[in-house]
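Below is one structure, written out as structure tokens, with a few remarks after it.
Chains here go by letter, A, B, C and D, matching the order in which they are written, and residues are numbered from 1 within each.
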Amino acid sequence: MAGIWRTAASAVLFVVALTMLVDFAWEDPALQGVATDLNNWAVVIGAFALGLGAYSLIVRHGRIISKKQTMWPYSIVLLLTMFAFIVTGLITGSVTSSEYGWIYSTIIQPLSSTLYGMNAFFIASASYRAFKARSWEALVLLVAAIFIMLKNAPIGYAINPILPAIGGKIWDVAGSTGMRAILIGIGIGTLALGLRVIIGQEKTPLGGAD
Amino acid sequence: MLIAGRYAWTAITLIFSILMLTFLYLSSKRIYVPQIREHPGVRAIVEAIGRAVEMGRPISYSPGIASIYSTKYAADTAAGLTILNYTARETAKTGAKLIVGIAPPTVLPIAEDIVRTAYLMEGRPEDYIEEETVQFYSPNQWGFATSYVGMMHREHVAANFLFGEHAAEAMVIAESGATVGAMQVAGSTNVYQLPFFLVACDYTLIGEDEFAAAAYLSPDPVQKGIIFGQDLTKIICAIMIVIGALLTTAGIDLLSRILSM
Amino acid sequence: MSVIQLLNRNYKQVIYLCLFVAIAIPLMKPMGLPVPIDQTTRDVYNRIDALQPGDVAVMGSNIGAAIYAEVYPQYVAILEHLFRKEGVKVILVDHGTEGPIFAEKALNEIKAYDRKTYGVDFVHLGYIAGGEAAISGLCRDLHELLEVDYAGHSLEDLPMMDDINDANDFTIVLDFTASADSQFWLNQAYAPYGTEVAFGLVAVKVPDAFAYYTAGQIFGIIESLKGAAQYEVLIGRPGIAVKGMDAQSLAHLLYIVLILLCNVVYFHGRGKR
Amino acid sequence: MTGVDMLAVLISTTLILMMYTILYRENPAFRLGEHIMVGSTVGHAVVLAVFQVRDLAWKKVQSGLATGDIGGIAYVIPMILGILLYFQFSRKYRHISRISLALMLGVGIALSIRGLLFVNVIGQIKGACKPLTSIENVVYMVGVVCVLLYFVYERRASKVAGPLPKIGRYLLMLTMGSYFANSIMGRVSIVIGTLNNLLTVPAFYLIPVALLIVIADALTRRRKAAEP
């Protein structure tokens, strides 16, 4: 039984991807209509997928609480916060209602911004201990980084305008050589991985080999 | 009929796809298995293991914090596990002590299986200690980093490998590795994490280097075919750029007109 | 335990304190260093300044709490500039789950509802799931994908939306994001329809975007808090971004000093061995 | 400042200070903050999921039924596929979720291939074809070719390429330098945003409270460690 579903899924993946690719090159109103529908259907499934995170958290933390595993009180707090947000959002009817806006800016905003900015501190302590010019490559990187930092912060311009000018020159060379090749590499890499998934050679994204 | 402005896109996508699929097929049927060059990153791994054996201190390894099924980083984690396979075989051969730190629950069984079979194949199954050689820390980024750093200091590791997908916590790990005096080799496709690895570690594999090293180390011929298919398309792009630049210097913008068709 | 030993053992906490101080002091007592204007910011300003009545400006957003500090000041500054342009229609659309909250916050901050009429001069379409498929759906056939705006008003009741059907009707697209989402507008608006696109980005995304800028695929970039400060100066409305730049300068000096110290100690040690 | 605003400042400042305790050491306060964050962000996603399904699908099905428009009614199909997605959590029925994943992946892969080949490959090649009239343009052209050759791994091809890949790796160091510098500028900007809220008046008073707690904890831990 599972085998039929798996082949059906691979067939759906192949047909859908091919339709959307041909639609980009071939002018055909019927094809364009099908491609638009497939596109908008994917948006709807994407909306459902937003809830997957909640489902897996409820299952995992529910098990932690029921089995009293380590840190189970934290799991209770996690689930309570989640339901508080769900209930507030659904009752007020929109994400931009004043009540929802209040709990959002009081809880999500301070936590996310603090955690996301935390790396600034870890990079600072690493700058003192770990960022050594062990090789010529690391030396080139550090020198380039320092000049670009002096371009990024107004203090560089205040000390001597030559510093940000050098930083700007390094930035131009970096942008037009390394970056351009990396973008081409990403384009080629995406095509390679995409083709392997479409023909079914790469199974991991579709839920692994089991 | 074909939409104007997209002829070039169609031609390039078709040519590149045919090239990639052909060499994928040829390598999978072992008709032509391309030779991948020995990457300096691989030489750095061998050197780091040798150093750890000499100093009689353990080796720590992390295959990344991304789950095996995360669509964005599945390829990274797979490469991290392929390199783990090679590292485990080398440590078994040389008798060095290996400690593998795991964050994602889905990767734990796979990593345990890889290391257990590697020790078995090198004839030293007794060196693999359950729950010891491969240790699960926490699915949470910071919980994992704290436990991994604690292990590095306790065991006073001589070599540390960071492959697969790492994020902000990698800074804390790489710094601790430097303070412990371990030789560190890292690899990542996350371009925002790479600069810090490059200055904090002894050698760093940049982006696709990780996949090339995995293909070089892995017995599976298909990985080599995939790499070679992409090599050819990159060479074509390089040739187009050279021709395009020379033509525009001569005042003929033929290539960019073709590419805009 | 002498103080030096204590400092050396807890060097991390000492460095964290230095960074905290380096940022806190200028925030409380700004130094007022001049903010040089980058060409990438000026290009966005000039393009918006050249907008004619009847042009449509789409503001895409993936702003979330994490990148709020870097990108939200840009979003407000550009929204303010667009609202000063007579007859220019503005569409706000979010491809990040937290986008709608910041869109409404920005609209209220510049008092949009009092200055212009909703549905005639500006519309907020809200969040659309599906990542690149959302942007592609919007650009292919807007009315096929969406029937209501963020607050539930039907699009039929919004007169401005009648002659806006796909990306051909977008004069310019400005996308404010941290992740790869900015690529979606290049792939689904610029590539198929040639729509003019510019980005407001977090600093770490700017190197990628710069390669698109030099290739002429995007017409400008607003670079993190620095770009926001420059835009605030250009529209004569200095705000949080300009104040932040002094803190940025001191913090950058601290990082450079730490890196130099690290390498001086390293080479001194290597010299001795 | 009303009572509600004061409460908001009190809660948000406490949460900010709880997260900053990781700079001292991993501890219960930080863990609590993390769990609240995970719960709240996922709760937010569920709220949006419900509204999205209502606006993007359910309303179309309703209007389709009312007017008899097949296109509208057809939106029942993605809704069913969306529900089937949740079978990926059951060990036995995981395969049922595959078709929904396949449709989403198929559209996703096709869209990224369409865009990236056009923008990243063709667009960037056109961008690199500049006339070799200035030194910069020559450096840019040779540089791109060198970095591209760095990412070529076949043995014979890289032997033919000679020293070019090595130059490519050094040029990559300049690009990594720009990421290094911009990463720092980005993270510092975020800390500026957070401290800007923390250093305003009502929030400011909580900082000494947090410092006292941390110092007290450090002293007790040192005394406990000192005991034999």
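Worth pointing out:
Keep in mind that, in the parts below, a contact is a pair of C-beta atoms (placed from the backbone, for glycine too) under 8 Å apart; a residue touches a chain by one contact, two chains touch by 3 or more.
Note that the coordinates shown come from a computational prediction; the quantities given were computed from them, not determined experimentally.
The two chains most heavily joined by C-beta contacts are A-D.
Using the average of C-alpha coordinates as each chain's centre, C ends up farthest from chain B. If you average the CA atoms of chain A and of chain B, the two centres end up 19 Å from each other.
In this assembly, the C-alpha centroid of chain B lies 32 Å from the C-alpha centroid of chain C.
Averaged C-alpha coordinates give centres for chain A and chain D that are 4 Å from one another.
Separating the CA-averaged centres of chain C and chain D is a span of 15 Å. Among the residues of chain D, those in touch with two or more other chains are 22-23, 31, 34, 44-45, 48-49, 52, 56, 105, 107-108, 111-114, 116-119, 121, 124-128, 144, 148, 151, 169, 172-173, 175-180, 182-185, 188, 190-191, 193-194. Contact with two or more other chains is made by residues 6, 9, 13, 16, 71, 191-192, 195-196, 198-199, 207-208, 234, 237 of chain B. Across the assembly, chain A contributes 21, 24, 39-40, 42-47, 49-50, 94-95, 104-105, 108-109, 111-113, 115-121, 123, 125, 129-133, 137-138, 141-142, 145-146, 149, 152-153, 171-172, 174-176, 179-180, 182-185, 188, 191, 205, 207 as residues in contact with two or more other chains.
Contacts from chain B toward chain A in the complex involve residues 1-3, 6, 9-10, 13, 16-17, 20-21, 24, 68-69, 71, 74-75, 78, 168, 171-172, 174-175, 177-179, 191, 195-196, 198-200, 202, 207-208, 222, 226, 229-230, 233-234, 237. The residues of chain C lying in touch with chain A in their complex are 11-12, 15-16, 18-19, 33-36, 64-69, 97-98, 100-101, 104-105, 127-131, 133-134, 136-137, 140-141, 144-145, 150-152, 192, 203, 207-208, 210-212, 214-215, 226, 245-246, 248-256, 258-259, 261-263, 266. On the side of chain B, the complex with chain D involves touching residues 6, 8-9, 12-13, 16, 34-37, 39, 71, 140, 142-143, 146, 191-192, 194-196, 198-199, 206-209, 212, 215-216, 227-228, 231, 234-235, 237-238, 240-242, 244-249, 251, 253, 255-256, 259-260. Residue ranges of chain C in contact with chain D, taken from their complex: 12-13, 16, 19-20, 23-24, 27-28, 66-70, 97-98, 126-129, 131-133, 136, 145-148, 152, 183-184, 186-188, 190-191, 202-204, 206-207, 211-212, 214-217, 224-226, 240, 243-244, 247-248, 251-252, 255. Taken together, the chain A residues at the contact with chain B in this complex read 21, 24-27, 118-119, 122-123, 125-126, 129-134, 137-138, 141-142, 145, 182, 184-185, 188-189, 191-193, 195-196, 199, 201, 204-205, 207-208.
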